[in-house]
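Next, two complexes with subunit A in common: one pairs it with subunit B, the other with subunit C.
Presenting the complex of A and B:
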């Protein structure tokens, strides 16, 4: 019987600051070029950034079930490849052969030659609300190495395990028989399926880099200084301070019951405009109910704390919280993983 | 240990089957087939609370019976399984498409093993496993539910054919390299399983023969 995951000795965790993300997808491409560029992985985006509110990746990302309700597993679905988005090709040759600046434009094509009608982050920058009260924010997702990992507990073969040294959840590709219960059970839909190899694959938190003291590629390459990394138990570290001390970093969809180890600093909304086109001090543009649904009840207090600390800095005072979030020295974001990736093999060897 | 059913299957020498599997070989016409009734595996024994929860209102094990034929030809053991599959799944073509599959199970010592748990650490079972669209046959062992350890086999070969709403899958393997022992009595035990891809069956969600059948290998 698949048994509940044993707590690790230490837990690695991340905090993503939604107020700083540029939506540049540097993280996404850093991951893609490092890990998912071999056959069968074309359509995989272990790291993905979606515009919210939006349908997400895969389409309707949070509506496919999985996770736990009252401690019991919730049946889930594994969306089709079309819902995740087919891997596209581009007609480079036609563009190059056109020989003119005003000739062919680069066009994405699906495997069958069709023009895509859906893809990862398809509804980029659409967001929600009505002008002038439109709003959006970017939501970054990787495997959250949950403390109650629905994927691991769903696998009838115990092909998924949790490392005791850092709590990272890995799929043993040798043991995996491609049954895909894990992909159904993950409520964030962060497990992909390699059709060529008939195995499940997902974000590995760049564990071979971590073992060499180097931060994951998505964390290290983020130009927005969005991503904080550390062990949760380091009381002087960013994760402990943001999650436990200041309580401004919250789990995504806590109602899914999986206790993720990726936390989010919720987006601070600009003030809404009233009908006269003036700021309405009592209304924020991002509906608070939406943020409560996404980040749980703690979101009101977290936003209040952020506001208070922001005002402190605006008044010329010091704020530990704002210093952490600003991250003037980007090495401070990386916890103990400040090693230089140029000193390790690329891609680092994988041995799960 | 698990009792065997009354049916006795024989694998008698049949000239013309050669050493390679061929589901449509004419020589199979000379071999009598036995219809083996299959049943869904018990849901409460699925080794995952998630699997139990997500299939509690859904029927699995929908293939009611499988036809089995056995023969030998010059030291090669041949098996042919055939069952109805009106809506076949010949390959994995999407995230949520599951391939049809079938398997033969033998006590690794040829004599006995607990079938309902797919073997035990002391009494493992050997599997011959075919999965539609897979590049190779799998020869595996198991010593309990969820413990199947399979490797792509060089000795076991499989060919499958789908026609007129039926799969016919032929297995061929040298008797002395079959992954299970053949005692001096030449009597071994065998069990059967089949997965309906159209019904998203995989892993322990399958139809199986709940008791061993005796197979005499001439």
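Presenting the complex of A and C:
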């Protein structure tokens, strides 16, 4: 109970470049088809991409407490089933069999015929601001394998542990009793409850793939080359360079106090329009206060660095930072995990 | 005459014990004390001729209940609970099996954990492990004195819910992976993920965070919710299969403690209502006054006999006194 997580020998970490995400959910589906396709996992999205500003997945994702404030645990609560959303159907009958030529649109329907109120990625592309200064960006979330994992410390059954070899945090499915204190404690609400198995489950960072030298499915499948992966201590690797050297990759909601090991390159944005419809040199389209709330105080310097390096390349000069972010060879994103899942030797199939 | 004397003595002892119990109970009622903490309560398991496995079995009619006060689990969050103030406990044994019947009032019948915010009603009893050389800590035991916990869960008894209980519109043509390998919790032997284990988990613990399934799962349990009350009967053969589990035998005493979880209050794990250890006495003798089911008649005869003997005694005393005076 409340056993502090032992620091791992090495820490695996990821950087997601928010300037490149297309919001296509290929990562989400890669994860879904690989891991969460058994009964009871139907509503699980270990990887999810949400439009920000927005309420996220589950609803009001960052408003459920958890994490730490001044080193003390913050009481959390888990979102309700309604916040996760219910599976719905569509009124195919009305559209396809009604005989009407036009005017009928496919509408989502819950059981009983009501319209659903919420679901995963519900507020897609709504964003914030008002025209012409409306804005949004996509935010990808997986388990952040935090260095101060609130989930691990909240578990009264010591069912959550942190691996020495890569700092990945896993739920021991043999010990978990489904008490869901971890789900309360995680400030990012990345823990799901499997009602068929009565246990908590979350992103496992594709650890069986990592052990075989293959990058997690969400990383490898990303068509936008958004996701960088490596050990933090590899000084030649992307993670070290983006987080420690160039300081352009920042933790999400650092005020939650859990020290996540997923970092984000904050979204750059064009200048805002003033009332005359001209560019306002003093304001960016995405309010800087919002980005400070999301990524902490380092966001100003990070955006400045990105701007300077981008201009350097525009002027025909070389920039290490821009080369890393552009990722001309997508294998460079994967750190030491460049194995091809199609060609690795698989263990023989186990017979029960 | 000897048999009659034994009978009278037993009856007297019972009456005296009853009177003491009433006085103590009355005192505690006014003093607001927790009798379980001072281990003044004994739950006696008398032998039963009938099978007491069902909560509504006739065998329980004669078993004397004890009321055990419960309090919230002490400690910081995630401890808590305390919404169930008392539990009624009875015990019997039948064919070298111990039966414990627990009854408590709970306004809500919480049997489903289908939704993420749902928790189940549950009840547990705790015994010292056979290997324990001292009374273990009530809080999950300690290194040199483990505990054996039997937990009955309403959701486990109800069975694993269908996906459609929370997603009535869910339409799944087929799941690609259905073999055990892909149901990791179940394949790893996690009792909460395995419907085959049934409603009761037999657990062992040697301090916080070490609660684990016992090597054998032979504790049976059945719960019935009726009229705002749960009644649950646990049973297990006397002989403990290993030293980490409790062992019982006729004519011995051990300790027993209770815990109740109220699902609608978010109770699970350390959020529960708990008692201290009370004594469990496994009687070799039958509960006096039982056997024929004619309690009132036996009691009347006993009382009349008592009065008769007392009158005889007084008469003899008076006679003796007079004889003494006149001689």
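As a working rule, the second predicted complex is superposed on the first by the 314 of 352 C-alpha atoms of A that agree within 3 Å, B and C clash if a C-alpha of one lies under 4 Å from a C-alpha of the other, contacts with A are read in each partner's own complex, and residues count from 1 in each chain.
Simple rule for what comes next: a contact is a pair of C-beta atoms (placed from the backbone, for glycine too) under 8 Å apart; a residue touches a chain by one contact, two chains touch by 3 or more.
This one's a predicted model, so the numbers in the text were calculated from it and none came from an experiment.
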item: When subunit B and subunit C are modelled together on subunit A, clash or fit; value: clash
item: Partner chain(s) touched by A:110 [first = subunit B, second = subunit C, both, neither]; value: second
item: First, second, both or neither for A:87, with subunit B first and subunit C second; value: second
item: A:79 touches, of subunit B and subunit C: first, second, both or neither?; value: both
item: First, second, both or neither for A:153, with subunit B first and subunit C second; value: first
item: Touched partner set for A:177, first subunit B, second subunit C, both or neither; value: both
item: Subunit B versus subunit C as contact partner of A:42, first or second or both or neither; value: second
item: Partner chain in contact with A:199 - subunit B first, subunit C second, else both or neither; value: second
item: Which of subunit B and subunit C A:7 touches, first, second, both or neither; value: neither
item: Touched partner set for A:223, first subunit B, second subunit C, both or neither; value: neither
item: Superposed model, subunit A: greater residue contact from subunit B or subunit C; value: C
item: On subunit A, the residue positions that both subunit B and subunit C contact, one per complex; value: 1, 75, 78-81, 84, 154, 156-158, 177-181, 183, 193, 195, 198
item: Subunit A partner contacts - residues on subunit C that touch it in the complex; value: 77-78, 113-117, 155, 160-161, 163, 165-172, 175-186, 188-190, 192-193, 208-212, 268-270
item: Interfacial residue positions of subunit A with respect to subunit C in the complex; value: 1, 3, 37-40, 42-43, 75, 78-81, 84, 86-89, 109-112, 154, 156-158, 173-181, 183, 192-199, 350, 352
item: Of all residues in subunit A, those that touch subunit B in their complex; value: 1-2, 72-82, 84, 150, 153-158, 177-181, 183-185, 193, 195, 198
item: Subunit A-facing residues of subunit B, complex; value: 46-51, 53-54, 92-96, 98, 134, 145-148, 150, 202-204
